[in-house]
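Single-structure report; data block below.
By written order: A, B and C. Residues from 1 in each chain.
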Amino acid sequence: DDDVHSLDEDSPPPYADEFIHFIDSAPTVYHACAYFASALKAAGYIELPERASWQHIAPGGKYYTTRNSSAIVAFAVGGQYKPPNGIAVVSAHIDALCWKVKPVSKDSKGGYDRLSAAPYSGGGPTTTWDASHHTWWDRDLGLGGRVLVKGKDGKIVQKLVNLGRPIARIPTLARHFGAPALGPFNFETNMVPIIGMTPTPPSDEQLDDIPGVMGKQHSARLLRAVAKELGVSVLDIVDFDLELFDVTPSVYLGLDKEFISAPRLDDKLCSFAAVSALLAASSDPSFLANSGTISMAACFDTEEVGSGLRQGAKSNFLQVVVERAVEVLAGSSAKGIVGQVVGRSFMASADVTHALNPNFSDAYLLTTAPLLNVGIACKVDPNAHFTSNSTSIALVRAIAEKCDSAVQLFHIRNDGRSGSTVGPMLSERLGMPTVDIGIPQFSMHSIRGLTGASDPGLGVRWMEGLFREFEGLGDYVPFE
Amino acid sequence: DDDVHSLDEDSPPPYADEFIHFIDSAPTVYHACAYFASALKAAGYIELPERASWQHIAPGGKYYTTRNSSAIVAFAVGGQYKPPNGIAVVSAHIDALCWKVKPVSKDSKGGYDRLSAAPYSGGGPTTTWDASHHTWWDRDLGLGGRVLVKGKDGKIVQKLVNLGRPIARIPTLARHFGAPALGPFNFETNMVPIIGMTPTPPSDEQLDDIPGVMGKQHSARLLRAVAKELGVSVLDIVDFDLELFDVTPSVYLGLDKEFISAPRLDDKLCSFAAVSALLAASSDPSFLANSGTISMAACFDTEEVGSGLRQGAKSNFLQVVVERAVEVLAGSSAKGIVGQVVGRSFMASADVTHALNPNFSDAYLLTTAPLLNVGIACKVDPNAHFTSNSTSIALVRAIAEKCDSAVQLFHIRNDGRSGSTVGPMLSERLGMPTVDIGIPQFSMHSIRGLTGASDPGLGVRWMEGLFREFEGLGDYVPFE
Amino acid sequence: DDDVHSLDEDSPPPYADEFIHFIDSAPTVYHACAYFASALKAAGYIELPERASWQHIAPGGKYYTTRNSSAIVAFAVGGQYKPPNGIAVVSAHIDALCWKVKPVSKDSKGGYDRLSAAPYSGGGPTTTWDASHHTWWDRDLGLGGRVLVKGKDGKIVQKLVNLGRPIARIPTLARHFGAPALGPFNFETNMVPIIGMTPTPPSDEQLDDIPGVMGKQHSARLLRAVAKELGVSVLDIVDFDLELFDVTPSVYLGLDKEFISAPRLDDKLCSFAAVSALLAASSDPSFLANSGTISMAACFDTEEVGSGLRQGAKSNFLQVVVERAVEVLAGSSAKGIVGQVVGRSFMASADVTHALNPNFSDAYLLTTAPLLNVGIACKVDPNAHFTSNSTSIALVRAIAEKCDSAVQLFHIRNDGRSGSTVGPMLSERLGMPTVDIGIPQFSMHSIRGLTGASDPGLGVRWMEGLFREFEGLGDYVPFE
């Protein structure tokens, strides 16, 4: 209704802010999970505890479920949905490279308190530069994760703790000292996080060590900091899973803020896009009421160490959600409805991909090297490391056209090797047509990555396109 | 009309000709799939689109279903069938080693048009000889696969294209050039197929580049060749999945023509045998009407790259077909009927095996090294690389007796290692008793193999025996 | 009848005797399976053939099911059970390193009958000492497994055969022969078990070889021995799966008998503890009648070769059992009840772990290296090789407190690597919260290990604690 732009006020591309807010307030795999859960709840999604019955699933309903509070699946059932209509799914992972606190972390040296931690997805023999855990030098590291606390009733409640301020640092040695400052470095002895000064003379608070198992395994100050942050007594802490993470806020970067600089892009970026797309589509009454499909977003843990465990993509998580939902919706009449549903479904497996890095262009196949702020990329590979093929790409393009977004391609050189994604694992398990897409980024596996400011939104736009246009394009591509 | 045999004019063993015709006219995984689909349709099988409801499945019915049009499952329901009666299944794979056209294949160098392609199941670091893709030097290669074309109604229809003549060549360098001619060779730069001359001066046809995405990704001449072959306009081509394949016809070989020389034996040979056996059994009204079982043949894709993806054996494809068929046939009464059906079913996982190669006899365990033109072989292994064990072998022998065919064994030496098959994956997924059988051949994974002229027929005979005798032998072996 | 203990007669720790009895009478994976089946049947458990319908499952009922008779799942449904109450599961594996009889084992050389066998989980290139299969020299080996026999009605029945006495020997060469006696040794030619004499002159019984396939593949005497042991005629033997095993009885060891020396500790020890705990809990009427959970013990095959096949942890076995049991118990009303049940369930994946060995103490992280006769150990690892995390460890400690047992930790150094277990695979497949625990032992993967005399009982105590306390602790730990 307004008709003119004033000169001095321009807004960031869609979803850029929300993404940034997300990445900063969800620094661990547990927080990411909780963040989505509350965003969904806020949008009227009902939690389906895996342990509860899902009988009340009905068309027009919006639901979500979690595992190990580090993996989550959410879906909106179209108002006009009835089996065997298909499901449109977007899947991603929310775990990222970090350092995990060891079961026994108490350690101090040279007047400083140190924290004994192990590198997640890395470590092993001594080296000078490993392009991943060696980007953690001189970073402000926060500490967070989940804590098991004994409640009043003696039961364990799980709280998330985020000592959301810089707690630890892995400090370099100044170059003025010559050789010892230039490496190679040992993961067990040179890269030990420093979290404080060993207090001297002992202040009054410390008369008593903390009794119990935890007191023997972790320093009192760490336990107190956690207890204080949670507002519980330190005696009620049963145990915890804590990670070190980059505590620096994510920010816009670039002249026109056309970049977002953030830690943990691999793969919170696609997870965020998936959930946002779902929320956007399912918060549109006109869509939800008239939709004859189910729109679904799935976010897994442990992808960086092989997707194992029950909260990983290798698990039966997604399959269980699909079956339980379809069965409730099919009511009493139908047989083998799940198969039909799956046959008519489509999944986009979304994991970040490598944007062309102009400073290292020789490592790419230039004709299929994606750019930032253009649009998602289809990952293609001849050896089934990815699921994309012509039919799934055709649909991707059709949707792209509908929602007016661009599609890029990623393919590696014949004399290289490529990583893997959750795509193949999920499509095997469900048998659902699948495509591997990715939002481009720089510096994958560094502590801090870079993506396009529009990329989160462009991801959302395509994924929302998938949710919205899927029904219309039902038989555009002859899937079978 | 004649009733006696003269000395110099005699007919090939059963199924030898059909097999040859099959292998030559179905050069890609898509053609193989379509070939079976039409053979089944011709025999009265009804297609069950996965997306459709399979309510009309009834005893005495014959059905088939496909995925990605590169995997197919066909089954005949016995006239007397009712749950929880078992299913007799033969499974195989139809993918073979080849080179796949890249998403961007346009390339010309030094006055030649080159086609940018990637090796399927292979590639990686430079090497001198890899016993598989290095058998592709100086072969006449055809091009084919599937093409997505925009129909009049704007929807995509899928067509198969087979430029069934020599299109590409990967040329060696003459030895006179010394070292560079002796390798090692790089898959990205030394093994690029050549498909033509770069035309100069430009002929009139070229005035305009082909607009659209495809025009930027592939050379105009390729697109025109495909369009012409399909009789559509080049502007309607949306995308395609194309493979390079050996275009030389299969032939009889040997003094008494007791061998067949053909490409892609691994595992189109067993797939062909499986489908032929199903057709033979289910085209026998007396059998079909009286049978109380379901007879099924399953052919998968991606076996050569780990059986991933939804059209691979690792997927839930077979499981879904079974569950949906059973649930339709079970009507309203029973719970967990599928488990019972599966418990009473039996699967023969058929993948070609290594016939004794007399020039390398030390690599074999001579007491379990199969010969050509004798019969199928059971593959046995102590480390769970195969599924055969005593119960499943017992059944194999019982059937062999019934249909008068011989059974051989294959086992490796203790100081060797062995490959894998779809057997273990399918039986993990379904929990169905399984056996690993194989039709012997020479030179597995070369571009061109050798098998016995009678071997295709001997395969068919046993598999037909399985379908026919399974019911009779139902509780002959105490599976659980 | 007597009511006091005199000074000189002291009893072994709990379950030590039963464990010893078990390990000796269940030498193969099949016997272990049958042993558990009959122990369960004796305790009133009803067998649920997978092929049969499980309609009669009811609260207070006790059931079990097997696959390939080498994997077994047993469960007791609490009297007060109703979906979606959870299941408490303990999983382990019952396969152990052994030698498997080859399909063609007939072999005689130098006047001896030799048995051609292959090393299970091992083998490969020639070596002097491999710390596992080279501990089989000069051990008394029994032969056993399962046999398929044709019954009167011509059908195959399966029998277990345990030639429970020393049958085979892999003999060293006496040092008097110099170099050839000192190795390296070849698995194919030097390590061939000897089972008897080649009889000469032929006695009357041998007029004719045994006709049929088996006669050609195995020596007549082996077949006769099996036939005689089974009390069937040798003509009725269809086939068999046989293993060689250490036939030496397990014994107490140490001045105060504080050790148990036994073969096949890896992982029959944990399997035994799991089943005993189930029996102990479910044989307590007061517990069973009032329990609102299902208590389950699952024992798998093929763990030592990657957990493949339908009877391995990678298969759908456990999942099918859970689903069918839950569906029956849920009656007609509920949909997707299984998911709820699984969500409220908990699994302890139990596989033996490495006790500190004082003659090699440098290879350990001493702050997390377990001892014998103390209690189970939680295995922790940052790279998802184990499933333990804070929530599952919290529950482990809570249960330990309830049933008064100690919990130890196992973790490796940052500059080392670690092994794997069934934990991750099962929790992927079911999505059930899981922890990796282990009973400590010496000399894992030797033919004969050593554990603490109290360790079996300490394992049972904790696992029984799990079954008994699980309901009470249901929401002690906030699993999801």
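FYI, contacts are C-beta pairs under 8 Å (C-beta built on N, C-alpha and C of every residue); 3 or more make two chains touch, one makes a residue touch a chain.
Given the structure is predicted, the values throughout are model-derived calculations rather than measurements.
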| item | value |
| --- | --- |
| Rotational angle, Cα trace of chain B fitted to chain C, multiple of 5° | 120 |
| Copy pair chain A, chain B: interface residue numbering same or different (half cut) | different |
| Length of the line joining the C-alpha centres of chain A and chain B, rounded to whole Å | 39 |
| Residues of chain C touching at least two other chains | none |
| Touch list for chain B against partner chain A, complex | 49-55, 65-69, 100, 102-104, 118-121, 123-126, 146, 148, 155-158, 186-188, 213, 217, 238-241, 302, 305-306, 308-310, 312, 314-317, 320-321, 323-325, 327-328, 330 |
| Partner chain B, residues of chain A touching it in the complex | 84, 86, 334-336, 338-340, 342-344, 367-368, 380, 382-384, 387, 389-391, 393-394, 397, 409, 411, 413-415, 417, 424, 427-434, 475-480 |
